[in-house]
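Here come two complexes built around subunit A, the first alongside subunit B, the second alongside subunit C.
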Partner chain A sequence: MKQFFNVEFAADTTFLKLATDVTISMCRLAGFNDSTAKDISLAVDEAVTNTIKHAYHFDRTRRVTLQFTITETELTIDVRHNGKPISDTEIHLPDMEEYMKQYRKGGLGIVLMTRIMDSVDYGSIAGIHYCRLVKKRSQQHAH
Partner chain B sequence: MELTITIEQKEGTAVIYPDGFINAHTVNRFEEALQNLVKEKQYRLVVNGQNLQYISSAGLGALMGVIEEIRDNDGDIHLSNLSESVFNVFDILGFTELYEIFDEEGPAIRAFDGHNRK
Partner chain C sequence: MIEWTENISGEQATLSLDGKITFENAGELRNRVKAILSEFPLKHLTFDLTGVRFVDSSGLGLLVSIKNTMVKRNGSFKINNVTETVRNIMNQTGLDKYFEI
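Moving on, here comes the complex of A and B:
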């Protein structure tokens, strides 16, 4: 059985904390422990921040939707928007060794997302763009 | 207030106490505090995370924004009293190799004695 929960909010960093709080609650509902729930909420923070920054260029009149889907096997979180699609260059994973040598700044969000989640994908359907974050539930969580 | 920053001077070191959450919404306050210290030529910094509940990559970016100038001036940023979840963010990114992290503030300050990266 699938369970859904959607939340929509203005593309304003003011709502980041609310978005992460909702994510932690959904992760608990899906049976993740507190530590994993916090990690997943961080991945959502990064995806929402990237959306506000790169897709909407901080235009607070636009909207971001989070859709949580819990299935027997996984938790899927879609971060949706109808702004500028995130381009391939923007989702390039930096070489962390070089990154640290050069004391670079920025671009760490995608690294956190990919290291925390089992998969991170970008796509578009009918003009709605999304970043899809997936975390597998362990067997004991499946009902 | 989602983030407040307090700074205390201790044994020639500026100790920064962020209280609350550092994310893309609040990071400007943290960034401004770091940049002001660097402008004042304070290159020995400790970030005491005893009241830091959360940090996203925005906060790590703020540290990266000043670390080069600080190290070029024989200084460094030490971190102390991090919660498990905040430490975990540094660890996931491999930043535990880039910054010295201490359990307590005292050793983080004293580690500057005789410390010279050049």
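Moving on, here comes the complex of A and C:
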């Protein structure tokens, strides 16, 4: 059985805290402990921030949608928008040793997301673009 | 929002920060550090993060760039009193080892 929860808000950093608070609540509902829930909320913070910065260029009139889907095996969080799509070719996972030696702006957000989540994917369906964050639930979490 | 106090003496400076270091204020903090480094002959810079509750990827990037800048000046950059939440964020990227926290 799937459980869904959607929340939509203006592309305004004012709402970042609300978005991460909702994420923590949904993670608890999916059976994750507080530590993992906070980690997942950090990944969502990065994905929403990227959307506001890169997809919408800080245009507060635009909207961001978070869709949470809980299945027997995983929690999926889609961060959706209809701004500038972020293509896979723009996503570079930096080598951390090189990154520290030769600092360049950006790049750590994707490191955080990929280390926290089991998968991070970008895509588009019918003009709606998404960053899909997936975290597997352990067996005892499944209802 | 981030606020800080500065204690500068000779070749050493400590910035005690309070709040969140995020993409919204990392630029402001970066500019202040640049100004301090151009004004004072610093060799050792410390960030006291006692009051810092959250650091996002932009904040982490700022810390890396400051450390690299200080190393290029043949100096040092340390971060002290890292809260559990911030330590966990740094662990996720391996930066805990880089900053020896």
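Going forward, the second predicted complex is superposed on the first by the 141 of 143 C-alpha atoms of A that agree within 3 Å, B and C clash if a C-alpha of one lies under 4 Å from a C-alpha of the other, contacts with A are read in each partner's own complex, and residues count from 1 in each chain.
The rule is simple: a residue touches a chain if its C-beta (ideal position, glycine included) is under 8 Å from a C-beta of that chain, and two chains touch if they have at least 3 such contacts.
Nothing here was measured: the structure is a model prediction, and the numbers come from that model.
> Following the superposition defined at the top, how do subunit B and subunit C come out on subunit A, clash or fit?
Once both complexes are aligned on subunit A, subunit B and subunit C clash.
> Given the touch rule stated above, what does A:I116 touch, subunit B (first), subunit C (second), both, or neither?
Both subunit B and subunit C are touched by A:I116.
> After lining up the shared chain so the two structures overlap, which partner does A:D78 touch, if you call subunit B first and subunit C second: first, second, both or neither?
Once the two structures are laid over each other on A, A:D78 reaches no partner at all.
> May I ask you to decide whether A:T14 touches subunit B, subunit C, both, or neither, giving the answer as first, second, both or neither?
First partner only.
> State whether A:D39 touches subunit B only (first), subunit C only (second), both chains, or neither.
Touch status of A:D39: both partners.
> Which parts of subunit A are in contact with subunit B and also with subunit C?
Looking at subunit A, the two contact sets intersect at 13, 35, 38-39, 42, 45-46, 49, 53, 96, 100, 103, 105-106, 108-109, 111-112, 115-116.
> Can you check the complex and tell me which residues of subunit A touch subunit C?
Going through subunit A, the ones touching subunit C are 13, 35, 38-39, 42, 45-46, 49, 53, 96, 99-101, 103, 105-109, 111-112, 115-116.
> Quick check on the complex: what are the subunit A residues that touch subunit B?
Touch residues, subunit A against subunit B: 13-14, 16-17, 20, 35, 38-39, 42, 45-46, 49, 52-53, 96, 100, 103-106, 108-109, 111-112, 115-116.
> If you look only at subunit B, which of its residues touch subunit A in the complex?
2, 21, 23-25, 54, 56-58, 60-61, 64-65, 67-68, 84-85, 88-89, 92-95, 97-98
> Spell out the part of subunit C that touches subunit A in their complex, as residue ranges.
22-24, 56-58, 60-61, 64-65, 68, 85, 88-89, 92-95, 98
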